[in-house]
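Chain IDs A, B, C and D follow the sequence of writing; residue 1 opens each chain.
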Amino acid sequence: MANFEGHILPGCFFILFGLWWSVKYPLKHISRTPKKNSHVQRNIKHLEIIEGAVKVFFALVGLLADQFVPNGPHLYLYSGQPHHWVKLMNWQHSTMYLFFLISGAVDIVTYSSTLMPAGLDRFMLGIALFVEGFLFKYHISQRPMLDQHIHSMLLIAIFAGVATCFLQVFVHDNMILDLFAVCLALLQGTWLWQIGFVLYPPWGGSEWDLNDHSNLMFITMCFCWHFALAIFITAVNYSLVYCYLQNCKKSHRQIMIGLGIRKEKNAHAPLINESDEE
Amino acid sequence: MANFEGHILPGCFFILFGLWWSVKYPLKHISRTPKKNSHVQRNIKHLEIIEGAVKVFFALVGLLADQFVPNGPHLYLYSGQPHHWVKLMNWQHSTMYLFFLISGAVDIVTYSSTLMPAGLDRFMLGIALFVEGFLFKYHISQRPMLDQHIHSMLLIAIFAGVATCFLQVFVHDNMILDLFAVCLALLQGTWLWQIGFVLYPPWGGSEWDLNDHSNLMFITMCFCWHFALAIFITAVNYSLVYCYLQNCKKSHRQIMIGLGIRKEKNAHAPLINESDEE
Amino acid sequence: MANFEGHILPGCFFILFGLWWSVKYPLKHISRTPKKNSHVQRNIKHLEIIEGAVKVFFALVGLLADQFVPNGPHLYLYSGQPHHWVKLMNWQHSTMYLFFLISGAVDIVTYSSTLMPAGLDRFMLGIALFVEGFLFKYHISQRPMLDQHIHSMLLIAIFAGVATCFLQVFVHDNMILDLFAVCLALLQGTWLWQIGFVLYPPWGGSEWDLNDHSNLMFITMCFCWHFALAIFITAVNYSLVYCYLQNCKKSHRQIMIGLGIRKEKNAHAPLINESDEE
Amino acid sequence: MANFEGHILPGCFFILFGLWWSVKYPLKHISRTPKKNSHVQRNIKHLEIIEGAVKVFFALVGLLADQFVPNGPHLYLYSGQPHHWVKLMNWQHSTMYLFFLISGAVDIVTYSSTLMPAGLDRFMLGIALFVEGFLFKYHISQRPMLDQHIHSMLLIAIFAGVATCFLQVFVHDNMILDLFAVCLALLQGTWLWQIGFVLYPPWGGSEWDLNDHSNLMFITMCFCWHFALAIFITAVNYSLVYCYLQNCKKSHRQIMIGLGIRKEKNAHAPLINESDEE
């Protein structure tokens, strides 16, 4: 996968998950306060299970694709004549997908039963991210300077994600950690795109000089801009969800007020006061 | 900004903020216990919003200044003929200012509404400091030994600040963390001055030998003295605020006693006892 | 012990302890909820003491074996003519065993009396693991690349164990941490086997090229597979214990229902209702 | 102070403080449970203030001694002709003592008033230890291998102490952390002795080969033995304090029973039941 598509595709997955989380977490946190949105809370549990299933599906597709692409290893690990390992890079990607698959499976089990303690899903996601970062770390030694540098930026995003997930095991439902996880998923996705565009310029773009120090300085700064973009996207989606839920509540209240007026006609009912207490 | 003023100016900002915080945090913590100073608590919230606005203003000025100084990049990032990046150092400073601008904006939103959870302002300040440290780290490679060393001391102060801010997200209103943050802001400010005086000696001062090991040992020790100074300033300001508030309370109580005496003259009012319960 | 058996034997100990913990911790956590299994809770305390005694026994055997094997140091540390240290590697292993011995002794004292605070047993285990990792770290310098790499993977497992134990001092009875400790014990055990098979191939197996980069990449990936295996074993044992306890409860309830029916014959007794409230 | 006495003397201070703490903390924790020893609790507060004063005294003596020994800097920092720093090593030691002096002063203020929050004394001790480790770290570069290694072991003990102190700011009165701090103080003290004996062998002892790898391996292992010794001393002192307090309680209870019998003679007094409720 050391090509343009090999970075764009996983980047898309992370961006998609990041965008979805940037809607899910605000929904979950904002809907918690008012009484009327408790059905949102219930639906989110179902969404978590679906999310886990989607994760399992994507991971399985990735795992099988990396094994059975035309020049893949086809489950062969070791070739006897001459002695050598078969397509280790594809096997490494398969290993990464395997752990995301386990993470997805744990998501499903955690949210569909009470067998597992809350937080196990975050812990397993942390483990999957750790394995990703761990394999990347040894993946990129013996490469040109800029290649190592641009991947080490990715490692920062990955290990920050690991730390966030492990914190979430102990600090449940902290909105700041949830939003930070969203940012990191978006950052990882857009950065994978950046890596693809820098190392494998598509559409006949000019090659980057991988040993130029000013390129390295630009890439360092560019990583910060990606992060600022991720914060911006998260903030916009948070605001949109907030406005949407406020509108919901308002229209809901208008309906309730409408109902209340009708109820006020038979004002001797003591139930009215209770229905006004939202 | 690799000159004397380029280190003195941001140093001033940090020292100003440090001094202001060394008054704000003691005010906030000492005024919490007695009932009579609850108006201080309310005012502090307004002060936080003003502080955020000041931060946004300074960051915006810095950002624009770094772009539109006579030999700045004027928003050009890449020059085609010959291929090279335009004034990357100015762009890096602009990036730092951008994150402090975001931090200021988040301060305003956090304290002026209930939209955001408490602690998000500290988290965003931590991110801004992290970006500062992150850019500095790659900024200073390929420099003489003492230059790298004196900047790595700065990085210690910066990353200690990052750690403090991230802790404050989970441990609210801990006085020790607040006072430590004050010390670190003062330390960063005075250390930026020290860097300016060592690397770009003003007023025709003699140059430092950047490769002398005894200079390096002195600078290491000097950093500890700056820290001791920061602790000293914080302690003095804490004591001054404490004495001021004690005097306030005492004079307040004397007024109350005065009022009480006058009230005691018409002692048949049952409300008096309640007003004495301070 | 720099031979095949020297890695297989301690590996067996860690695997045995890992397997035992993979039964003990699920038992402890699942049996906590229902009232009927409170006797399991009481028995677990006795099991902890026995576990401590077994640990002391194994550590003592290991300590003595490393001293008094035919080519061991026999408690001699320093030889005068010529000046040199006697069998430092055996002394290092004895030191490791000594700390596991202390850990076992602290286990016994912690669970058999109220003298010591809960968590001290985990703290001491963390210290013992730290000493193991600390000695390993300096043990393996000046070795071929793959030898260092394969041992540095072991260090990751060991120091993750240290971190987990230290967290458990402050976060008592967290099921996720307990299960993670189980995984790490299994991982350490199977990885010690892997080291034995790679560095000292038994039964006339072909030697590994210790300086081949593709071997290093395979070993990195293989470590992840060992971890996946450890997760798998832990999950299977957890499920088995869960099913077993559910069956126990069901059969217990059937007995209770049987008793209940008999009791219902003399239905005027008010005690029946209470015995149904499980 | 780069001589035998220069390591033995500070080592003695740490051992003395470690031994004193190994009595104070068990006293504090064991005496907390029974009602009768509440006077111990009150006395401990006074002891803390005295401890702070002793710390200030020792630090002041050390600071002045390092400045005004015959070949000390006598407060001169910079010599003009030729340009060089005066006795930087003495200045570094003075800086360390300065921070322990601040720590002692903060101890006194924290325990003698309610001005400062609990935990500030631990925080300041952590800062003092950090400064010690920070100065040591740059102190020992450019030395022979064993010299660096033996000091890096010391750094482990110091930074473990820093981490423990910072944890104690947030986790008050945790017996495990207190006992660990005791062990680390003893370890640091005895290890300073070890450094003195290895690097500056007294009484005509033979010199150590500072570049021999087996010496390095022995020193690594020796550090673990020092730690085991520190754990042993702490455990013994803990047990002694426990036995002493149990005896106190027993003899106290016998007195109380004796009083009780006398009181039982006039058994109509309702006060007797209350006095039995210990």
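Brief remarks on what is shown
As a convention for this text, a residue touches a chain if its C-beta (ideal position, glycine included) is under 8 Å from a C-beta of that chain, and two chains touch if they have at least 3 such contacts.
Fair warning: this is a prediction, and the values are worked out from it, not measured in the lab.
Counted as hops between touching chains, the shortest connection from chain B to chain C is 2. Overlaying chain A onto chain D using CA atoms gives a rotation of 180 degrees, to the nearest 5. At the interface between chain B and chain D, under half of the residue numbers involved are used by both copies, so each side presents largely different positions.
In this assembly, the C-alpha centroid of chain A lies 47 Å from the C-alpha centroid of chain D.
For the pair chain A and chain C, the distance between C-alpha centroids works out to 33 Å.
Shown for chain D are the residues in touch with two or more other chains, of which there are none. The set of touching chain pairs reads A-B, A-C, B-D, C-D, using the touch definition from the header.
Against chain C, the residues of chain A that register as touching in their complex are 84-85, 88, 91-92, 95, 98-99, 102, 115, 117, 119-120, 123, 127, 131, 134-135, 138-139, 142, 169-170.
For chain D in complex with chain C, the touching residues are 171, 174-176, 180, 213-218, 220-221, 224-225, 227-228, 231, 242.
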